[in-house]
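Here subunit A shows up in two complexes: once beside subunit B, once beside subunit C.
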Partner chain A sequence: MKRSQMEYVAGGGLIDRRSLLVGGIAFLAASSIKPVAASVNEGVKRIGDDFPVWSRTLGRQGTTYGQPSIHEKHLKLKLQLPSAPENSGTTGWLTPLEKLHGIITPNGLHFGSHHFGIPDIDPDKHELLIHGLVEKPLKFTMERLLRYPMISKIRFIECAGNTAFNALSPLSHDGSCQDLHGLISCSEWVGIQASLLLNETGLGKKAKWVIVEGADGGSHSRSIPLSKLLDDAIIAFYQNGERLRAEQGYPMRLLLPGWEGNTSIKYVHRLEVVDAPAYTGHDSGVYTQHLSNGQIEGFSFYMDVKSVITHPSGKQILEEQGFYEITGLAWSGYGKISKVEVSADDGKTWAPAQLHGPIIEKALTRFSIPWHWDGKSTVLLSRATDAHGRMQPGRKEWKQRYASPTFNHYNAIQSWDISSNGEVENVYV
Partner chain B sequence: MKRSQMEYVAGGGLIDRRSLLVGGIAFLAASSIKPVAASVNEGVKRIGDDFPVWSRTLGRQGTTYGQPSIHEKHLKLKLQLPSAPENSGTTGWLTPLEKLHGIITPNGLHFGSHHFGIPDIDPDKHELLIHGLVEKPLKFTMERLLRYPMISKIRFIECAGNTAFNALSPLSHDGSCQDLHGLISCSEWVGIQASLLLNETGLGKKAKWVIVEGADGGSHSRSIPLSKLLDDAIIAFYQNGERLRAEQGYPMRLLLPGWEGNTSIKYVHRLEVVDAPAYTGHDSGVYTQHLSNGQIEGFSFYMDVKSVITHPSGKQILEEQGFYEITGLAWSGYGKISKVEVSADDGKTWAPAQLHGPIIEKALTRFSIPWHWDGKSTVLLSRATDAHGRMQPGRKEWKQRYASPTFNHYNAIQSWDISSNGEVENVYV
Partner chain C sequence: MAKLKMFMYKVFKWGLSVIGLTVSITGITGEVSVNLGSPLTESEISRVSITIFPNGHNLPKGQGSVKEGEKLYVELCSACHGESGTEGPSNRLTGSIGLFSFMDPLRIMRIQEVNGLLVMSTGQQWPYATSIFDFVRRAMPHYKPKSLTNNETYSLTAYILYLNDLVNKDAVIDRKNLPGVEMPAFKRYVRAWKNKSAADDFIPRP
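Take a look at the complex of A and B:
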């Protein structure tokens, strides 16, 4: 490869992706990916005992519900706090973002965060009650609910504590992308617009908030502004085509697009329309933030604009210098992602990454940019901007706003240090 | 409900969906869905032994790879030919379309069609060879391939024989939507553009076709026009986020968007660039059609515009007259769906259904329309049109083109008969 054939768009080896289209054979083949030259006869040797067993024998018939390949057993959710006792009820299951691609999270690997464990609810014994400041309190059985018109939306869910719950601890400086950012996932959700059901009960004149309660053992509940429920809230029954998993709220959950995950109440069985927030256990406490000006910030629902490079990322190793694709995910609770910039020289210069469509509001957006690593140590960064002009802050900027015990709503730029031996490591700049 | 409040858009009870937004409480609640009136105190009785066990106890901790709810065991793929011997190698696993929603098919329920069973290929021993009329034959290991830039596309795959393989047989007149149409699914696929790899090898001047071969026991192979591989073909590694399932081609498959499924060669390990088609076993035989004019139609790659109502559909039962949502799926191998019309009076009148976005080319598109069933027998139909103006034919029209042994590429309008007792049944009109 003649390096001069590649058009660089920023420092540290970031390449204009159009180079991929015009570079031809000289570009990638020589740029350290190095496919092996094959002999002309190679394709003809197609029969023989040296062939692998799967090319000589009949395969399996299959099963009624498919599972991942036996060669992908390493692809697993990971407990955020593995030392917590199994009966603590509070668990965080982290999605292995760096091993996934695209924007859809497969149902088996959706992150989970539970305060009271995962119940197995019999749908025939589950009802939704809507009462309080309504014209006519109503109960809905599952059978009745499934008769209502449904909508489909691809949306992310992110735990309020994603990233900083780990990243603020010096112990996890060397975490993987899963370790640091794994409390976010993205699915196609299908369900009834909450506004349609509230239209059924009618609303009292003083109605302003709704206490939403789950049927899990601890009755996880949050006070939600009525305006959100009338805007884009969904009572969801399906996730990526099939009915919700128990981990995700079977038989139904609330989905509040773009808002902190704990407000998308799983196992939802009660909406109480009220005139003021109830300050439930989770309206206070863990889902509030300490600000550096001494204030407590509560009801801070929006998950702000954020991005993370999933490859290369923490604990991965670049085996050699040469071509790599830098790729990652960006999202904003406020709407669509409009731009992701990447730096391969520790923030000195930035280049726009390619955004892979469809670019959907309040969904993950996949980005990528080609990169030629010269084998020297450097730092990779990504910085997302959403359609409202909100841009990811730096870590220092974020820390100026919040006081030290706070770990929710951390959306600062992630820095991945590349050492000259190819090791990738989380670093705080 | 005052029926006069609903605006009908066609015969047989099809409702303008805007009625849902303006109708308020009078509309759905009274329209036979009938949620139960709740007492004002109901929400307060939140503690007690009459509460279900899951609301009084701590739930499970979870697992490293999630599975469907224990209450959804009935959600299964179904063998197309259950009587075929297990070692026949040829299997068709049908997706339960009528039990799914949205457009994404969960990985565990993606349809499968295999001629030589499902191999479990060790990715470390799998290579891709590109040879023939190329400037430089090359072999790619999995490790090398995973270094290349990737793209993500939500695309359907449909078996050439979907629907008519069953629907032409009088034996399956009473099939479910799964039985009749289950050889189609839709996923987010991620992989390398095939054009990028062909750019690596370079192409000889006479290059016009490519023989694509899988590593399965019977070396399933097809001759594919080079132009398709240079257009939108993908060597796919990921499906809905995670690596492909063995059923879907692990460790990699070709994806030819919009073309009959058997051309998206699973377990792909060889691309031989040639100047003319090879007439492989599957270029001929089962993937050709007998035309009524006596000709044989081969290399008929495009899956034409098609739709099916998934609810209400075959073998389902409408328990009572009143409100239902008619919903289904539409797709076209040529591009985007532009319109789906629904008839609730056996084709006398038609109304446009709502298309749920994102509307993506060569992907499934979800449609729906509200419907008030008056309890009388009728026939429901859907008719899709794509962005190229191609419209689904009627059954008679389709049969005029093809001679009787042919079952591939059946895309005629599906008719679901609703009897006055609420039974839904496939019917040929």
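Take a look at the complex of A and C:
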């Protein structure tokens, strides 16, 4: 297939997402095959001479808990802002999205946002209590809870403050995808449907809200509408097959799919069923937004539709012109992703990206589109739409709704500038 | 065949509900009752029930003064929240550097001047004064949460309210008058989450 025969679908070198599936893209393959020199002394030859050291030595023993390859040492969470020592218990750890693929975040690399440090809770001394407007207040030991029927869901968690840099900073911050978008991760969560436990207590007629509390130092608590807990909330014990990490709420956490991460209360130990919200500290301050009309908006639970191109992305360098696969992640707290469009010419023209299955509601969805970079400077953008027709706004549109210094719930389109020397940088268009 | 099965199943389910069997079958209906919880007694509840509500529900007995609060604040809080509650490095407790508009020529300077935690404050953002008592008692001081007595918490709450010009220097705060303190954010606070009957779970200030 000659270049002229390939199907370009939009400006800037975007190639029809189906062309790879059909004929392949031929212009790269020709250069990658090297001739092999014939050996002179065939008789005394040891085949090992032609093999790398790891093919000529016995490998090492396994370990009791697998670790990433020694060559992947760079794969790390990153502390969001090195904070003052006085604030050391209040931290955000960012996931290196641009170094991962697929939709599942490895457990050790799940982002973490901690307001009161990370407790090490003894599961034998941890109970779940449900009381308030119920007929029978109940407590559950861990041992008992683990006997309940479990459900499994792949769901993302995103911190309300993800991408705060782009919301706040008047000039675009030159950060990596991890720096700018790393407060989102996606896992398979296994646990008990919260409705099951709540219903066993005999919910009162006036029950409408539940104050959910963790067992960490600050007893983190949020007021949650009962309807959400009865709908799709999970009391989760397992993450990607193993018990939760301490950073993620061991021995158990609440999971509220699609809602701001702060409401998925870690170390959950108490559900108080009530008729009205408590306006806890985090209902009131940090997790509210200033609107441009002067109002303060709280209980803004849903994480709206959003996407980001992870490859190529901020701080990366394209070594040469030619073929690249543009790929990234899209998600919506309202449901499934229905469409992701990509532009490779500053947003002038757009083409649909391939969505890779499984496409799951309130989970990350991987998208990709083949791209031929001609070595000229350009801007890459992605724009997601969900099954409810919600589409990502531009940055200007988003800013119009909120007053500075609001930084929560930023979901505007991300644009990456590609310079003619291949440097990728965050820009506002 | 499938229809017959469904019918049998419905009868079976109906039967269960008539006899009042609590253990039904997992995975078929989603309606499972396992009942492995144990009863929770009133005294167990009252020991851990620390949430305070805007109408004053669950506020404990006791009281505290601005004067007492000031002493405690200097000793236990100012290292992180600043002498006047504005300097940080931890969250600002009073005042703000203001909301700045997109058109504000000083916006860049003002954003760069402070870290995000010091732009707005407890006094400017929280709609109810009761939440301050709740939060301080459960979470502060940050390095030693839940170490304050109820009276100390009332005093510190009173002092934070005083720093925000919401009570005077001689004020004494208790469970009767705390819910009545009107926070400036109360009028500006709106809920993004709306129930069908949102009106009746919005809490008017007493």
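The definition used in the following text is that the second predicted complex is superposed on the first by the 392 of 429 C-alpha atoms of A that agree within 3 Å, B and C clash if a C-alpha of one lies under 4 Å from a C-alpha of the other, contacts with A are read in each partner's own complex, and residues count from 1 in each chain.
By our rule, contacts are C-beta pairs under 8 Å (C-beta built on N, C-alpha and C of every residue); 3 or more make two chains touch, one makes a residue touch a chain.
Just so it is clear, the model here is predicted, and its values are computed rather than measured.
When both complexes are overlaid on subunit A, subunit B and subunit C end up clashing with each other. By the document's definition of touching, both partners, subunit B and subunit C, reach A:Arg147.
Of the two partners, subunit B and subunit C, it is B that touches more residues of subunit A. When the two structures are aligned on the shared chain, A:Pro405 is found in touch with subunit C, with no touch to subunit B. Once chain A of one complex is fitted onto chain A of the other, the partner contacts of A:Glu42 are limited to subunit B, with no touch recorded for subunit C. Contacts of A:Ser227 after superposition on the shared chain: subunit C is touched, whereas subunit B is not.
When both complexes are overlaid on chain A, the residue A:Ser83 reaches subunit C alone and has no touch with subunit B.
In the superposition on chain A, A:Val190 makes contact with subunit B only, while subunit C stays out of contact range.
Judged by the touch definition given at the top, the superposed model places A:Ala164 against subunit C, while subunit B stays out of reach.
Once chain A of one complex is fitted onto chain A of the other, the partner contacts of A:Lys208 are limited to subunit C, with no touch recorded for subunit B. The superposed model places subunit B right into subunit C at 27-35; the other stretches listed in 27-35, 63-71, 117-125 or 171-179 stay free of clashes.
Subunit A residues in contact with subunit B (one complex) as well as with subunit C (other complex) are 86-87, 89, 116, 129-131, 136-141, 144, 147-149, 196, 199-201, 217-219, 270, 272.
Contact residues on subunit C toward subunit A in their complex (touch as defined above): 26-27, 30, 32-41, 44-45, 48-54, 79-80, 88-91, 99-102, 107-108, 111, 115-117, 119-120, 122, 125-128, 130-131, 134-135, 138-139, 142-143, 145-146, 185, 188-193, 195, 201-203. Only residues 17, 20, 24-25, 28-29, 33-40, 42-43, 46, 52, 54-72, 75-78, 86-87, 89, 91, 93, 99-110, 112, 114, 116-123, 125, 129-132, 135-141, 144, 147-152, 154, 187-190, 196, 199-202, 215-219, 237-238, 240-247, 250-251, 267, 270, 272, 323-325, 327, 356, 358, 360, 366, 368, 370 of subunit B touch subunit A when the two sit together in their complex. Considering their complex, residues 81, 83-84, 86-87, 89-90, 116, 129-131, 136-141, 144-145, 147-149, 164, 168-171, 193, 196-197, 199-201, 208-209, 211, 213, 217-219, 221, 225, 227, 270, 272, 274-281, 283-286, 288, 290-292, 294-301, 399-400, 403-405, 407 of subunit A touch subunit C.
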